[in-house]
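One structure coming up, written as structure tokens, with questions to follow.
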Amino acid sequence: MHSIGPMIQRLGYDIQFEIPAPTAIVALLNVHPSRVGDLHAPDELRVEPAAQLESYIDSFGNRCTRFVAQPGTLRLSNSTLIYDSGLADPVNPYARELPVQELPHDALRYLYNSRYCEVDRFATIALELFGGVPRGWSRVQAVCDWVHSRIRFGYEYARPTKTALDVYTESFGVCRDFQHLAVTLCRALHIPARYATGYLGDIGVPASPLPMDFSAWFEAYLEDRWWTFDARHNQPRIGRVLMATGRDASDVAMTTSFGIANLKQFTVVAEQVPQGQASGA
Amino acid sequence: MHSIGPMIQRLGYDIQFEIPAPTAIVALLNVHPSRVGDLHAPDELRVEPAAQLESYIDSFGNRCTRFVAQPGTLRLSNSTLIYDSGLADPVNPYARELPVQELPHDALRYLYNSRYCEVDRFATIALELFGGVPRGWSRVQAVCDWVHSRIRFGYEYARPTKTALDVYTESFGVCRDFQHLAVTLCRALHIPARYATGYLGDIGVPASPLPMDFSAWFEAYLEDRWWTFDARHNQPRIGRVLMATGRDASDVAMTTSFGIANLKQFTVVAEQVPQGQASGA
Amino acid sequence: MHSIGPMIQRLGYDIQFEIPAPTAIVALLNVHPSRVGDLHAPDELRVEPAAQLESYIDSFGNRCTRFVAQPGTLRLSNSTLIYDSGLADPVNPYARELPVQELPHDALRYLYNSRYCEVDRFATIALELFGGVPRGWSRVQAVCDWVHSRIRFGYEYARPTKTALDVYTESFGVCRDFQHLAVTLCRALHIPARYATGYLGDIGVPASPLPMDFSAWFEAYLEDRWWTFDARHNQPRIGRVLMATGRDASDVAMTTSFGIANLKQFTVVAEQVPQGQASGA
Amino acid sequence: MHSIGPMIQRLGYDIQFEIPAPTAIVALLNVHPSRVGDLHAPDELRVEPAAQLESYIDSFGNRCTRFVAQPGTLRLSNSTLIYDSGLADPVNPYARELPVQELPHDALRYLYNSRYCEVDRFATIALELFGGVPRGWSRVQAVCDWVHSRIRFGYEYARPTKTALDVYTESFGVCRDFQHLAVTLCRALHIPARYATGYLGDIGVPASPLPMDFSAWFEAYLEDRWWTFDARHNQPRIGRVLMATGRDASDVAMTTSFGIANLKQFTVVAEQVPQGQASGA
């Protein structure tokens, strides 16, 4: 399904941590600045107990919020509404691959190594696997097809130190692992690729049996812009709401704690609002 | 020696590659924008054969030059003059460590993981080693002392994929390896640290028996600014000329080639100009 | 508690796999040859459906059984009785460490690298941590104390590729991870250490809330023999029944399948038989 | 060239270390027991200054010598003569691959993980690369062809911690690295493979420009025996003299020192003795 017509989505989360000692936290829990114009209700990170919040835009263009969490239960929550075109991720098989010299300056950093993406170690492997595939859209799509079919999904395979090389050799992973491997392969082929996180409800697809979570996908730079790809689901999807992009998951963690923060509860909502009900958040 | 009085330094390099096929190259081979005001001669990257050069500032504030190298011998060279105070790296044992919540926004990214700095894997190790050292300048200095005495230098131990964890477990490395390990330990202690490269002549110290090379050091954020540290030499030095800073060596490679470029020659000059001779570059 | 008097233990397991295609399997599911004399009932690996079993002793002295599993459900089970002295693991603080040149030939291989034990990468780390501890029993015990207090237990941290270095940097693990780290540190200190697996019931200790499983511990060579250590529980225990020893978990997997074998059920029994009930297996 | 007729080879070495403190050393510096019958002169490891030598056969069947080196210069030398058939490594394209269940017991251990051979991490990769190649000799040969053409040789890429996965991702290595990668791929395909070291003179081939060194190759078990393969040279060679086999280089290091031993000199001789000159060693 490529379109369901314009709609309103309800977005939100309720995340709770147990905090043993005062801890600085950076949260990337707002809709990405590029989507702010679509909001139909305030997109406000609620922090309980109340803390002094500071907001800023990081070097990747994401909206970040900083605060100090006090000992006890920390609750981060939000509920908002956003307009959505109802169109699936655009597909453009004619989007061509730019030679590195024609890339915009700020795309270059997405060709480099990063914590979870050991581009240097995949130089030969990427060429062996995809050197024969026509450049451009079809090559990125070939990377997605390959990662999608080769890696098996399982929450039990998640771990915070898992790199693209680990994913490749272990053949198992979660959402972020699929994207890290695809991002790394694209970069090794000299195609800028960046990691993306956000909301992705089950819109236009059968409901997933898994509990709703934030989702990860990635963007590749082709022709003249960034395009959405998703090595985990590997199909154009309706209703993605971007929150952050970066070189890999290390740059765009939903929360980064500089001290102990034990996750106690985690729920995410991203769903189409039935017509006529979208007046209140 | 902490000062030799104001002076002029001659800086330059002559780097040659054999290029088999047209290759996009990004070079970080200029003096850092923060030092441009000290230049006494043009700081101009000469590319032979001539190529169309594009210059830009990357997301870390470094001056970059892009061009396409044609097949054959590529020569990158420069010769310039720069004013230097003659003062050694400042030392301030009273520079205090800021709690994360008081750090400026743009220092935060230097707390995170990067390609060669697996901060996550050093969380416990860093605390075990330095948790008992007073915070602030003395803690960063303790990291430098420890790295300096524990790692043995040797060019034969260099390799492009070597990470901080490799350096720690193998106990051998080159300049960049010393700094990667120190940077990673600082970050694991929640002290922002960034990798730095530039010129470092043998000024005020005995001449090194090794051929002159670019040098790597690092900067840590304490009190209200970035301070220079150097886990390799581990002493305040006179005459550093900064070229670039980034999260690690991956961000600030002197040249990054998106294709094959075989190094054929490499010489670097950084030396004090005898008084009265500084009129010509 | 250091002794509960002689007793009989009931040992057994019921392990089921789903086998999609004929698959060769090697099982180390018998009591170790050194304990055969204590058996009070046959220690017979039952394989259903019946298969042609071949038994042999591997190069480490373990009893192994080979067979080909046919598609369908494979059940491996056993139930036996064994005499136990009721004495806890012996403790001998005076057991001295032998210089390498005095070690018996066949202890030397337990000083080397193995798949999960990167002895070479711990050479410096081990000396830093334990170089100041008196040699011999107290040094091995110091290794156990350190691993025991530093690593946090959790089944969610298990993975088949986890090495001692991963355990050290991630600080989390299961039974086998604790022992791999301790074994590697001992070897890096030139103390022969080998990985051990077997039964370990909750005898003389409070019942564990976790389901019964096979257990891992390790042995270190001191004075004139191998001694039992356990970095996971870190206390002398009553009732260990050794099944196999090797360089690490790679050598002594309960089952090694040369094809797909999906675990469907797994129960282990190791318990003291109340007096007067030990007549039937 | 597949044969040059029976001949005598002169074998020898002169290896010197600087020893700062008494150090136990294990040396595998004799001809393999399987070749003892071919010796035409004593194969005697000379140790200077004299030390008490103990000789034994390790669990892999290799002849080992142990001794304690005293501070100062340690010299290990030997010079012997051996009969050689002059035939190149046998090639048997019809040698079939045994299903795991038909392998002899003692071949099984060469299917497992070892320090430098992460068989588990290559399970999927090996099938992707070689799953389509007919089983047996041609599959092992395909592994050799692939490793031989994909990895570039260079002494500057040697390092003691380099594993098969490092070799695969870095694409550079020395002799032992080629064999480690080939061995690992064979094991991942369920073909027993073991690492081998020995003498390999330039007999029947152009003289190598590199200084003579010991050589590494590997053996694969097919049909009913072990066969010699060599992913580095990848051609049948005349005049190999086996010294040791093991799971990987960790098992068969020429010398293993349990303390510091700095290599000062290293020469190896393996050459055909001109006819009529073979009377004296």
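Note that the chains are named A, B, C and D in the order they appear, and that numbering of residues resets to 1 at the start of each chain.
Keep this in mind: a residue touches a chain if its C-beta (ideal position, glycine included) is under 8 Å from a C-beta of that chain, and two chains touch if they have at least 3 such contacts.
None of these values were measured; they are calculated from a predicted model.
Enquirer: Return the chain whose centre of C-alpha atoms lies at maximal distance from the corresponding centre of chain B.
Expert: Comparing chain centres, C lies farthest from chain B.
Enquirer: Among the chain pairs B-D, C-D or B-C, which one reproduces the interface of A-B, with more than half of its contact pairs identical by residue number?
Expert: The pair repeating the interface of A-B is C-D.
Enquirer: Suppose each chain is reduced to the average of its Cα coordinates; what separation in Å results between chain A and chain D?
Expert: So the centroids are 49 Å from each other.
Enquirer: List the centre-to-centre spacing of chain A and chain C in whole Å, with centres computed as mean CA coordinates.
Expert: 42
Enquirer: Between chain C and chain D, what is the gap in Å from one C-alpha centre to the other?
Expert: The mean C-alpha positions of chain C and chain D differ by 32 Å.
Enquirer: Could you check chain D for residues that touch two or more other chains and list them?
Expert: Where chain D meets two or more other chains at a single residue, that happens at 118, 121, 161, 169-170.
Enquirer: What pattern do the touching chains form: line, ring, star, complete or other?
Expert: Graph shape here is complete: every pair of chains touches.
Enquirer: For the complex, which residues does chain D have touching chain C?
Expert: Answer in residue numbers: 24, 26, 54, 56, 58-59, 64, 66-68, 99-101, 105-106, 108-109, 111-118, 120-121, 160-161, 190, 250-251, 256, 258.
Enquirer: Across the complex, what residues on chain D touch chain A?
Expert: The contact residues of chain D facing chain A are 118, 121-125, 150, 165, 168-171.
Enquirer: What residues of chain D sit close enough to touch chain B in their complex?
Expert: Listed in rising order, the residues of chain D that touch chain B are 156-157, 159, 161, 166, 169-170.
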